[in-house]
Amino acid sequence: MWRRPFPWFIVAAALLYALYPYFADDVGLRESLLLAAVYIILASNLNLMIGYAGYVNFGNIVFFGLGGYVCLYLVTALQWNVIPAALVAGVAVSALALLFGFGILRLRGAFFALATIGVNQAIQQLVVNFEPWGGATGIYLSLDSYGSLGGPMQALWTTYLLIVAVTAASLLASYAIRNSKFGLGLLAIGQNEDAASVLGVPTPLYKAMVYSASAFLPAVAGGLYFFKSGIIEPTSAFNLQTSIEAIVMVMLGGSGTILGPALGAFLYEELRGFLLTAQSFSQFQLVIAGALLLLIVQFVPGGLLGWLHQHWPKTRRWLE
Amino acid sequence: MIGILASVIDGILIGAVYGLAAMGLTLIWGVMNVINLAHGAIVVIGMFVLYTVANMLGLHPYGAVPLMIVFGFVVGIALYWIGVHRMIGRPELMSLLSTFALNMVLIGLGTAWWTTSPYNVQVSMPGVSWRGYTFTGTHITAAALAVVIAGLLYLLLYHTRIGKAVRAVATNREAAELCGIPTTQVLAMAFGLGVALAGVSGTLIATMFPFTVLSGEAYQLKSFVVTVLGGLGNPAGALMGGIALGLIEGLATPFMPLSWIPIVEFGLFVFCLIAFPRGIFSFTKA
Amino acid sequence: MSTLLEVSRVSKRFGGLQAVDRLSLTVNEGEILGLIGPNGAGKSTVFNLINGVYPPDSGKVFFAEQDITGGPPYRVCGHGIARAHQIVQPLGGLSVLDNCTVGACFGHEALPLAAARKVAREVIDMIGLGDRAGAPAGSLTTAGKKRLELARALSARPRLLLLDEVLAGLNPTETEGMIETVRKIRDNGVAILMIEHIMRAVMSLSDRIVVLNLGAKLAEGSPREVADNPDVIAAYLGDSKLLSAAEKPA
Amino acid sequence: MTDILLQVEALEAGYGDVQVLWGISLKVKRGTMTTLLGANGAGKTTSLRAITGALRPHGGKVVFAGEDVTWLSAHTKAARGLVLVPEGRQLFSNMTVEENLEMGAYSHRARQYFSRQLELVYDMFPRLKERRDQKAGTFSGGEQQMLAIARGLMAVPEILIIDELSLGLAPVVVQQLAETLKALKAGGVTVLLVEQNLHLALALSDYAYVIAEGRSFLEGPSPEVAAKPEIRQAYLGL
């Protein structure tokens, strides 16, 4: 995979993304880039489901939230370092998703989409009632928890770098899967599940596997993000709205492409930042996002990259 | 024991209103295979129509009910042309995203106008007392109105030309077209009808409970549970599913903390989806 | 010649309709068996029962002496049965090459990606789609899609190929080309079970023919025998006794 | 008014990217029964769907009662009297007999004659009158075909196009339906019939068209066509 320029391009872009705010020593920029990076992770992994396998997961945020909870629980209750805690959270959530996947992926299309909403809401309510995780109030970190990373200020920079690393990993994973047998099978499922099965693609296994794969990095990112925030509580951890925004980002950039969801996430986040600061628009952020999605779905279902590829087929080669 | 019975009866009263909301969802699904994710937002429209009529215009609260039916029908037809028409016959996922986009726009507009703070409409209806338990007047009225509206829907679908055309299109769109039925207009009308039902259920809910712009989501999820219980695309099943859900809520309330109820509901929802994809009360749709 | 596929007394009912009724047939190594019959005779259902799209109500399907009854399709495919559909089902967004690579990756030999791509490339060249390898499958013409359907099935390197009306929708020149291709595939040692309406083609290609009517076997034999069978003629042309009935004055 | 009610010229159509019709032409004279013959997969059903607008043609022309109606929607054509009784009946199976008939008369034009036509079809099919409140889905094949024809008649057709009259029906039922068609023709209804049973179709009709592989193959007055040896070629490829 490293013989092609694309992965190197990702690595270079990630280094730039990570180091620019560090050398510019701009905390505000770092915070805005961090949020964008989190969205890129969510969108890019969601794209494995929507863009590759053709399944809309409305409850994708559940991985992010659960990852955050598992990680913060390990950090507070068991005094773990955040890095192993986030990785373990990723593995745990991913394993859970694999189990769930075999069940709910028996559902097709709209039924699956509805069930994913149900899963997210059920888990949110479950956490609200789960006392070891602080119930409705959630888990707080004390400042001591940042000690292992050299104090709170240093920890903010470290988590930023880690999240950018996860972002790069998401894009590389997206690329690797796209260029693998597994990815080809997923694309076949996304195009026509019955035809794929007749062609020999083991559809139940692949669907469960991609559901699980799309859970791993968001769960790690959730761990890092909520560690950085110092607090996690059910409403923000399992916010259905964020889930949906991730879908908008995927559609905006171009589902099924590698860079599209990242591009969509970045643009959407910047657009939202602009709308939030512009007085006259701040109230209409949701309206604009909705109208945008409506227009994309009805008129450019391929998103930005899909549109480019359609009009300039040559861009397909270098802009994947 | 009587306490539980009272709780169950109250649950059934509320459940009838859930059933009405779900009827709107299921009618649209049954006729055009679209799952309307703007359903919750429409329920909220119904709530604020009540607020406008009762608190701002000072009219009788139940005057909002017929008003909402007409208004919902018009809004529904508009929404059909804006967000649904181009999705007919395209993959389900596209119509899911499209109706969800409508949902975002509606909720966004609502938030801008009403903010997300809670609203309450005082409706005074005398309750009924029985062995020391009082059944709230608004609950009884809402249930009665829900049943009446469901009855009207039945009359419309089974005893009017246009209603029969809706059923014909739902059964076999191509055959309906070959009979000379302008099926696209019928689809738009059916969407209007579904929206009117969802909206008016919101109006009735708002006579019973306080609400916010964001209340729709909870009721939308309840509608999904009901629809899945009753069988997607089956209005009669929806009313029964609604009552069943109300009954479950009523039965569970005395035994567990209120915050556990949604878990039971969502668990039931996911379980039913997987175990009975055609619904427990489903009648086979040919 | 040894038996490759054995369908043994399979039945399938849909609601009130007995779609397939205790049908038995065999396909030998290296032969082309034609499956014909009037509309609604249950031919496509037979294919669906063989490749496991749904299980039969009763009866068994054996392939190379293994019981493969009831699928699922991807497992049947792994045994070495590939299928080209009547209604072409290209993975429209993927390139022609990728479509065939899917076939090779997940087919009989379950090749790794790079090897699969090579096989796919060879098959595409043989089928005559070489110059369109990079084009999205959705952009092919009808004839191109029909060829792709066939190429994709072949990329799986099957031992048995199920062809469901691969000639439908082709013009006469394209039909001729396709007939030649099918013959070439057989000559490479792949057994073929084909449903076809274009009699000219079935009659010239098939080694044997099975005629299906109302889900049951009506006749079996060489093309000539089948064509001269009075039952077959009646099934296709209608019962001439009705003629006299209809001509009676009302 | 010309006596050619329906004229189809070089019609091309298909499903998605699969082209099925490569140029079908035919004419139907007012008051006659014309039949469209051909083997399985020759494109008979597709022709009828493209003529009536259930399927959008790719090219060619459909002229009905002197007007070019090629691109009109199916419901507009039905309302003008170009009525298809589709293959496989396509009834509204969970609606009653009478509701099905009511839907047949949906157009503004047909509505005016509703009671007259209802009486007519109940006279023609007393069995339907007996079972008017029963759901169509519970009917036997023959009864469903009766209902499908009756529903077509409710639209007050200028031309009634019937696809696969006898498909899946017992011979005795087919005979009854054949009588019905004769009665309809005697009553002045123009009919275009697609029928797999060659002998039946040729016996009933005045004029026949044979199509093969999506193209017009041969045509002529029915008795002449019946005598032609090529007909076996079109059906069996020999």
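General remarks:
Going by the order they are written in, the chains are A, B, C and D; count residues from 1 in each one.
One rule holds for everything that comes next: contacts are C-beta pairs under 8 Å (C-beta built on N, C-alpha and C of every residue); 3 or more make two chains touch, one makes a residue touch a chain.
Owing to the predicted nature of the structure, the values given are computational and were not obtained by experimental measurement.
Here the chain-to-chain distance from chain A to chain D, counted in touching steps, is 2. With chains reduced to the mean position of their C-alpha atoms, the one farthest from chain B is C.
Centroid to centroid, with C-alpha atoms defining each point, chain A and chain B lie 33 Å apart. Spacing of chain B relative to chain C, judged by their CA centroids, is 48 angstrom. Once the centre of each chain is set as its mean CA position, chain A and chain C turn out to be 44 Å apart.
Touching two or more other chains at once is no residue of chain B. Counting only residues that touch two or more partner chains, chain A has none. Contact with two or more other chains is made by no residue of chain D. Chain contact topology: the protein chains form a single closed ring, every chain touching exactly two others.
Interchain contacts (touch definition given at top) occur between A-B, A-C, B-D, C-D.
Across the complex, chain C meets chain A through its residues 51, 53, 72-74, 77-78, 82-83, 85, 89, 91-94, 98, 101-103, 105-108, 110, 112-113, 116, 152, 156.
Taken together, the chain B residues at the contact with chain D in this complex read 161, 164-165, 167-168, 171-172, 174-183, 285-286. Of all residues in chain A, those touching chain C in their complex are 179-181, 184-185, 187-188, 190-192, 194-203, 256. Of all the residues in chain C, the ones that touch chain D in their complex are 38-40, 87-88, 140-142, 145, 165, 168-169, 171-172, 197-203, 227, 233, 236-243, 245-247, 250.
Interface residues of chain D, counted against chain C in their complex, comprise 14-20, 22, 39-42, 164, 166-168, 171, 174-175, 178-179, 182-183, 195-204, 213-214, 232, 235-238.
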